[in-house]
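As written, the chain order gives the labels A, B, C, D and E, with residue 1 at the start of each chain.
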Amino acid sequence: MKTAILPGALAPRESRGAARLLIAVAVVLTVLIIVVPLAYIFWRALSEGVAVFAQNILDPNTLHAIWLTTLVALITVPVNIVIGLSAAWLIARFTFPGRKLLLMVIELPFSISPIIAGVCYLLLYGRQGLLGPMLADADIQILFALPGIVLVTLFVTAPFVTREVLPLMQAQGSEQEQAALTLGASGFQIFRLVTLPNIRWALLYGAVLASARAVGEFGAVSVVSGSIRGQTNTLPLQIELLFNDLNIVGAFAAASTLTLIALATMLIKTLIEGRSKAA
Amino acid sequence: MTGAAITMPRRARSRRVLPGFGLTMGLTLSYVGIIVLLPVMALVLKGAEIGPQRYWEIVTAPRTLAALRLTVLAAAMATLFNAIYGLLMAWVLTRYSFPGRRLLDAMMDIPFALPTAVAGLSLTALFSANGWYGQVLEPAGITVVYTILGVAVAMSFTSVPFVVRTVQPILEDLDPAVEEAARSLGASPLTIFRRVIFPAIQPAFLVGATIAFARSLGEFGAVIFIAGNLPMKTEIASLLAMIRLEEYDYNGAAAIALTLMVIALILLGLSNWLQGRMQRKGGRA
Amino acid sequence: QDDSILNVSYDIARELFAEINPAFAAQWQETSGRSVAIEQSHAGSSKQARAILEGLPADVVTFNQVTDIDVLAEGGMVDENWRDAFPNDASPYYSLPAFLVREGNPKGIEDWDDLTRDGVQVIFPNPKTSGNARYTYLAAYAFALKQNGGDAEQAQDFVRKIFANVPVFDTGGRAATATFAERGLGDVLITFEAETGGIAQQYADENFQRVTPSLSVLAEFPVAIVTENAKRKGSEEVSKAYLDYLYTPEAQRILGRHFYRLNNPEIAAEFAADFPEVELVTVDDVFGGWDQARAEHFDEGGILDKVFVNQ
Amino acid sequence: MSLAMSNITRRFGQTEVLRGIDLTVDKGELVALLGPSGSGKTTLLRIIAGLDWPDAGSLAFDGDDWLARSAAQRRIGMVFQHYALFPHMTVQDNIAFGLTVLPRGQRPGKAQIAETVQRLLSFLQIAQLADRYPSELSGGQRQRVALGRAMAIEPRVLLLDEPFGALDAQVRRDLRRWLRNVHDSAGTTTIFVTHDQEEAFELADRVVVMNGGVIEQTGRPDQIYDHPATPFVARFLGLTVELPVTMQAGRAQAPGFDLTALARRALPDGPATLFLRPADIRPVADPAAPFRLTEIASTGALRRMVAENDSGCRIESELARRDCQGLETGMPVSLSALAGQIFSRTASPGATAPFAADDHIPHALKENRL
Amino acid sequence: MSLAMSNITRRFGQTEVLRGIDLTVDKGELVALLGPSGSGKTTLLRIIAGLDWPDAGSLAFDGDDWLARSAAQRRIGMVFQHYALFPHMTVQDNIAFGLTVLPRGQRPGKAQIAETVQRLLSFLQIAQLADRYPSELSGGQRQRVALGRAMAIEPRVLLLDEPFGALDAQVRRDLRRWLRNVHDSAGTTTIFVTHDQEEAFELADRVVVMNGGVIEQTGRPDQIYDHPATPFVARFLGLTVELPVTMQAGRAQAPGFDLTALARRALPDGPATLFLRPADIRPVADPAAPFRLTEIASTGALRRMVAENDSGCRIESELARRDCQGLETGMPVSLSALAGQIFSRTASPGATAPFAADDHIPHALKENRL
């Protein structure tokens, strides 16, 4: 980020009025739109005291939901990283017919409602879907089990890594990689020694966003999860379930853990950015 | 030139300089095929199964139309708000230094990171008649919860980062000399923004707004909590698809889903085209 | 755990099965010497039925509507003659749509016709997705038929007026409850009597009052083994024992405590104070059975759509 | 009507970038700011333009305190290093910009603006490019557009920051001459920044040599060329051969060198340094001399030679090819210096006034570079 | 051990960027590819490097078909225009890169790599920079690191793409000389791309002038300098004054010009064009002459003059300052040409062989530039 250069001491005192006004409006809006809803979650979660809060969090079903959500993120994020990098390399470094189209397909999940993503998977893997009978014969359970949740999560998070890394790779051009090539490096060596160090912050940011989304996905997962208590309920689903159990404090307590994860993720991201700007 | 008729194989395009084409192509295509294309194909096939006439009937049924109208309208409202708010944020975050700027910057990503259901829950509680905001707004005659306003609020919350994050880097990268040039030519700050800065960020702005719009069209988790889901009034299209599903009406669900997807794709295509045109026009200096 | 079953159930049965399951597990341990883990899934009962058809691996279903199990039977998941598999047409308990109003009943809501008044806000879920709400619809309709000597036109008008007083349609019974109790919306909540009792108890400090209308529809709560799944998992035996257990005095007592009406006359007598007299009609009597009711009222373009959409 | 700067000082954090600049530029004058990278040229130009302000000092135009005025109020025309054209506007819109943003009262009518632009376009000989976008122009064309844009508002002072930096030699040379014409016919006061001495000398009426935030020397091009005032200026202007000499009665002496062509200097006896241009050194075949030619390279019209002696002293010289006949690698030579500048070795470079060459020496001798 | 290209052709979409390049570079030779922007220099270099492939033609090194080999297999060293250093590696890691990525079997030990790097660092005189990152280096230092990185793998061919493009004049000149030394002592075959003729002439053993995808001329620097083979080369090498002349019995004639110093040419009688360098034109005071001095500008050592006649013909000339004495603006002058190249006007430029100057003319005369 460019730090604004201040003019020298003799500069006439410019009125900072406009700037002040804009900053104030921005801060107020952000507080109203983002900060207060965020704060409200914690306020509600703690409204009946820390003991109730802890009890809600430590409920086995909630704990299981936390574990399941973590597991889903642990599976999807690495896959996202590998595939995202592969797609970015392909699109940034080669020209081939259909390149633009491929990029569009990769970004397709951005424009598909998560709930509809779930429907798509239902139509594909459901017992009455395209592949359903086949899967039923082979006794493979995809929907209403971990594989289904992982698959839809992969769907909704598919574009993140590519989207972060690709513009950077395109902007940087391939000259360094060509230099490495003339020096005799193999493909993997080039990637590991030259490309990766250049894009590592963008990659991390992409991974952070993908994991945030993986952890927080509700619509798509709710279609394919079957919401079996303590089994296929991810944390967002568990929150809805608690809400419908009329355990509102419990719902907000679970929500606050998710919010904490979100805040931690953003904190990591901000740190990363700080470092990459410094580097 | 020596007319030496050595026929050389045409090699140029048959060789790729950097390695990894086959590997990444294979990996990417199979992944995209399995994770993205195959399920979407299933939806399209289902849609094709319905037949054009039935499809038309479903989509033009009053309730569907109402839901689509509401969704598009609310998404438009949300996008309008986000466009303005996003531009303001991008501007403030790049142009001014003030205490807490980094924090404000970090806040921009919260809506992405926060699960939509949690957001919906929290917004509903805040805006309901006895919530923090509702207490102020209801007496003033503004009802947010269970109205189109609520739908728009939820949609705009979940798509806040799109405009900010697409405009911000462009704004950061803008050559300050161009603005200085305008300043030295006597332009006022407002004129500079209108005639020099905005045209430069316009393509990115457009893309950000379109993605925000597409995302709003599809937003579900946050909206269902705050919308009230009144058929013909506050029922969004993706909820209607969900309801159709729960009514065992697969055709209805697929038709609505397909329609939503097509609207989003048309919009994205349109914005890509516009952006391309703008870049050809002004483009790289 | 030696055995495990998944009970897929309707939305508002959360607290009920939270109490029944451990009791059954203890009994099963005693009788068979085996431990059992019982998983629960709750949602709108139609949604649940669809999920099972798509592959949700339920062993037993405990629903609030015959049609939802019929759908499973059509899909080959449940035996055709499932109603004969357990006593009392496979319905271990029953309930009826009833009202819950705010402290002191400020709007003076006593019966169905009070719901059509201007300025009364009525809360119940979406009949398209919730069995619960379908009963509500049918009960109001039956009331109007009776009131007007069987005039369908007037009955439809009556129901349409009630629908016009509904500010929000949630997808399940429980969400409607939350809307009424948590978000403070509406003057009256219509849901199963079992739910009104439970909520009145849980929100004791709000002093909600239960109101039983003069006439209501008998809501059966049918149960069935999802044979297709149970066979595959080898859980038929424990599934049958689980559903059988619901008929035992022990379980019936739990049900009574959750404000469900009981078929076992002795136990019912224990809870008589909780259950005011009410004229109960059945779907078979008034609507010619579920198949006809579905065709006439609930399918696309049926009467429900007319009163629903034309508001 | 002159632009007067006095004691202008500017700090960026810890670093003092301008350390007291005093300079007056007269109306109609064309002044070059010449100096190495980082010497503060751009900073000074930006202060004049009103894009930055000094920490101390004053800047006045015709008695009017410019430090109290914004860039927009000063009515200057600025041409940026990379032109900073508005990428989304056509050439004519770029040029018209300054006029279209005038307050409504002062703004000329549409037709009049179009006419002004048209006039400028033909003046700049780019009439046929009016509807192009900057990305569709060559570097030289962009340069003209940038100039046209700056001139449209009829600036009182025209400022140019390394206007020809990015262009190749041929184009650069053309534009340079063309700029001189433009300046002469428009009659503005012009200041331009460059680090290319040739450019400064060819274009400017007066050259200001900057170094490390101070002005090292100001003067007419040939004055500076012939009499660099400090070792820094000498080196910067190509007197790159530095020879330790001994002064004796005003004459410099060094073994193997014939320095008799240099005039007497008013320097104390003792060690001093002689600064020479390679082109002012002529190797002469001399079997007894300590130097030996070790390299001869051709660069078109010139030939570069290196002479070394046994103690490792390497002297370069540059001669026209035709003057090299008879010289070959390995040949022993003595070196005769045709012109040069001597600075006393005790003087700290860049700070002290030079012991400038006196003006008694016949011009021809001092400049005889062959 | 030579690099042989024949009939190399490359198209980008519709545009033919290389249109049949034939060139052989011998072992140990230092060849410059010289040409204007867009002439295909970089494209050719990239094909040699294995970063691009031609549409037709052949490329062989020492009989080995290089078109069948990948860039990594060719063992060339390439120095990119903007160096393309690895920004996240220190200088020594950059230089060591090529060695560390060798297959395990061939890879030298750690100590040995360190030693090689150390040797290169001192050879390149940047030993003290070993632990810096590229962003902490000046342009000239980066250049050296890029070269060191390319040389570490002991390449058989060293390729450089405008290696000095981004540097300023002083640094550029130093590096140029230093590169020549490096080339000589390492003994590699080197090809470098430039659009700066001075650079090409000073550095190269042989200069290849390219234009529009074809080779216009190949030859030793002075050969090309003295005898440009086509009008394009003539113009490109600074023979920018074009004079319509009439040939008569092998002699060129033009009113107001003294062309007697030019040798006879084997050209048919009739109209022709004489190409002159401004430095080869000397105005001589002559009251009867049709030309008049209209401008005199000083650029350091040189003085530029413009002479015009009544019909608007403008002739530029450049003289050393000391030769200008007595010349003043407004003075009538005749112009005498000292050297030049004549092309028959019917010949289509760039395609035909020139009617080159014959070699009978005394050298001194042809080159007398003063």
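Methods note: a residue touches a chain if its C-beta (ideal position, glycine included) is under 8 Å from a C-beta of that chain, and two chains touch if they have at least 3 such contacts.
In this text the structure is predicted, and so the values were computed from the model without any measurement.
Novice: In this assembly, which chains make contact with chain A and also with chain B?
Specialist: Touching chain A as well as chain B, we find C, D, E.
Novice: Considering only C-beta pairs in contact, identify the chain pair with the most of them.
Specialist: A-B
Novice: With chain centres defined as C-alpha means, what is the inter-centre distance between chain B and chain D in Å?
Specialist: Distance between chain centres: 54 Å.
Novice: So the centre of each chain is just the mean of its C-alpha atoms; given that, what is the distance between chain C and chain D in Å?
Specialist: Between these chains, centre-to-centre, one finds 93 Å.
Novice: So how far apart, in whole Å, are chain A and chain D when each is placed at the average of its C-alpha atoms?
Specialist: For chain A versus chain D, the centre distance works out to 56 Å.
Novice: Among all residues of chain B, which ones touch two or more of the remaining chains?
Specialist: Residue numbers touching two or more other chains: 17, 242, 245.
Novice: What positions in chain A touch 2 or more of the other chains?
Specialist: Residues 122, 128-129, 178, 181, 186, 243 of chain A each touch two or more of the other chains.
Novice: Provide the full list of chain pairs in touch.
Specialist: A-B, A-C, A-D, A-E, B-C, B-D, B-E, D-E
Novice: Give every residue of chain C touching chain A within the complex, in rising order.
Specialist: Per the stated touch rule, the residues are 6, 11, 14-15, 39-43, 51, 53-57, 172, 174-175, 177-178, 181-182, 199, 202, 232.
Novice: Can you name the residues of chain B that touch chain E in the complex?
Specialist: Where chain B meets chain E, its residues are 1-2, 4, 6, 8, 10-12, 14-15, 17.
Novice: So in the complex, which bits of chain C are touching chain B?
Specialist: By the definition above, chain C touches chain B via 44, 46-47, 49-50, 71, 126, 128-129, 166-171, 183-185, 300, 308-309, 311.
Novice: Going by the contact rule set out above, which residues of chain B touch chain A in the complex?
Specialist: It is residues 16-21, 23-25, 27-29, 31-32, 35-40, 42-43, 45-46, 85, 88-89, 91-98, 100, 102, 104-119, 121-123, 125-126, 132-133, 156-157, 160, 172, 176, 189, 211, 214-215, 217-221, 238-239, 241-242, 245, 250, 253-254, 257, 260-261, 264-265, 267-268 of chain B that touch chain A.
Novice: If we count contacts the way the header does, which residues on chain A are in touch with chain E in the complex?
Specialist: Going through chain A, the ones touching chain E are 175-176, 178-186, 189, 193-194, 197-198.
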